[in-house]
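Below is one structure. I have some questions about it.
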Amino acid sequence: MPGEIFRHHQRVIYAQCTIGNHVYHSRYLDILEAARGEFMRALGYPLLRLQEENLIFPVVEARIRYRAPARYDDELVIEVWIKNATRIRLTVAARVVSPEGKIYVEAETDHVSTSIDEKPKRMPQELLDACERFSAIATD
Amino acid sequence: MPGEIFRHHQRVIYAQCTIGNHVYHSRYLDILEAARGEFMRALGYPLLRLQEENLIFPVVEARIRYRAPARYDDELVIEVWIKNATRIRLTVAARVVSPEGKIYVEAETDHVSTSIDEKPKRMPQELLDACERFSAIATD
Amino acid sequence: MPGEIFRHHQRVIYAQCTIGNHVYHSRYLDILEAARGEFMRALGYPLLRLQEENLIFPVVEARIRYRAPARYDDELVIEVWIKNATRIRLTVAARVVSPEGKIYVEAETDHVSTSIDEKPKRMPQELLDACERFSAIATD
Amino acid sequence: MPGEIFRHHQRVIYAQCTIGNHVYHSRYLDILEAARGEFMRALGYPLLRLQEENLIFPVVEARIRYRAPARYDDELVIEVWIKNATRIRLTVAARVVSPEGKIYVEAETDHVSTSIDEKPKRMPQELLDACERFSAIATD
């Protein structure tokens, strides 16, 4: 089981909502990106620095389950952890929950490790090691 | 096998792109929504009319595979068909391809049939029947 | 007075709407970008080709008046013309209206002519000449 | 002159950027909305509560000057103050700057005070009074 979970916070704004007063489904991918960026910073590997070192992690697959609608001004807690990691591929798991633990969204994104011109490129072993701390088992 | 495939067209604009000159991954969900809306219109069931009749189809799950980056001003052909349909749940399959058939994205979205206040509500049998024509098998 | 007006069409989708069932105010800038892109294509100067020739037109100022809310599935007609043009600066005027002529939005965007690395660069005289046809006076 | 300035912070993510590595121009309106929402909360009048009391502030005009491009992972400081206020109309001024004070964007948005069904409705005098503290003169 466990390992740690990284948490990022965000408030829902009108720009993210649609008719019926709930967050539009594609906006969660933007919210997850923000959380992953802060996760990588917490890990000691901000994406901007990696990008300057010619290493990026494009999303190759995303799977998202919408469990309950989040609404305007709701406080979102985005929980992030590593589901699977090798030097060429990462699967990042995430949940968007309320501060009380109500689940809005569960998601996984698969990323490959490439150079900026999108050629496969192995990530440093140190980065992989840093991921270990957050290699949690999802509590489903 | 087949059945028909509905096709919708769209040009990539700067608002949809990100650094590295490609469509940002969450924008495809917006693009797919536009295509599904036109698909439903072609089926004879525009979503606006269904909504006025208190029937909506919220996305409960999305699965997206990013196969190749689409770039600014690329012409996108969004192919839509029905993978699975019952009176309470639809799975819509889609591919985003170039006019020459290069695959950018493959996706499936699962939708439930509900009233506007998000209670389960069966869709009309006629709508289900209309879907039949597009109940194609994906050619993977 | 007049000159011609270029017209682009678009349907409102859920991704563009917010609570209260109307188009979220920032989405109009995306809609205007799409219309300007097609306007430039109609002029014979697609932005992609200009960009490949190291010429871009970043927005330096935008002024938008929201006159009436457009709603889901509304058909938008985006009218575009040139308000002012020199070889280093363009002011593009636009209106978003319904097919019946109801005005949703009036806007002007000021653009400078630069190289890709954002240095001032004069646009070709032929492009300026091509603009003339659409150098209409707004009927306010 | 002065009065106080409210400050909100945000990091640029890929979802907000476009080709050429800068924030896409319409995204600033989303960023400004987030900042105004927090400003109203700081004022003691969260928009959600006002909305529940049938009072909203739709944008009727926006004017934005783009002074310099903000880039991925830049820290944005959004400065907000009141330029003009009556019980039926607010003009909110804002600047987006770097922590070092480099100006990315200057903007003003005009808002009217209405009920949810978009009929004119006067805001409470107490809200107007609360605005006073932030009624700064822009240093242009």
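A, B, C and D label the chains in the order they appear, each numbered from 1.
As a working rule, a residue touches a chain if its C-beta (ideal position, glycine included) is under 8 Å from a C-beta of that chain, and two chains touch if they have at least 3 such contacts.
The shown structure was predicted, so the numbers you read here are calculated from the model rather than taken from an experiment.
The interface with the greater count of contacting C-beta pairs, when A-C is set against A-B, is A-B. Among the remaining chains, A is positioned farthest from subunit C, on the basis of C-alpha centroids. The distance from the centre of subunit A to the centre of subunit D, each centre being the mean of the chain's C-alpha atoms, comes to 28 Å.
With each centre defined as the average position of its C-alpha atoms, the distance from subunit A to subunit C rounds to 35 Å. Separating the centre of subunit A from that of subunit B, both taken as means of CA atoms, is a distance of 24 Å. Contacts with at least two other chains are made by residues 14-15, 26, 29-30, 33, 72 of subunit D.
If the chains shown are joined wherever they touch, the resulting network links each chain directly to all the rest. Those residues of subunit A lying in contact with subunit B across their complex are 20, 25-30, 33, 56, 58-66, 69, 116, 118. Within the complex formed with subunit B, the subunit C residues making contact are 11, 13-15, 29-30, 33-34, 37-38, 46-48, 51, 72-73. Across the interface of their complex, subunit D is touched by residues 14-15, 17-19, 21, 24, 26, 72 of subunit B.
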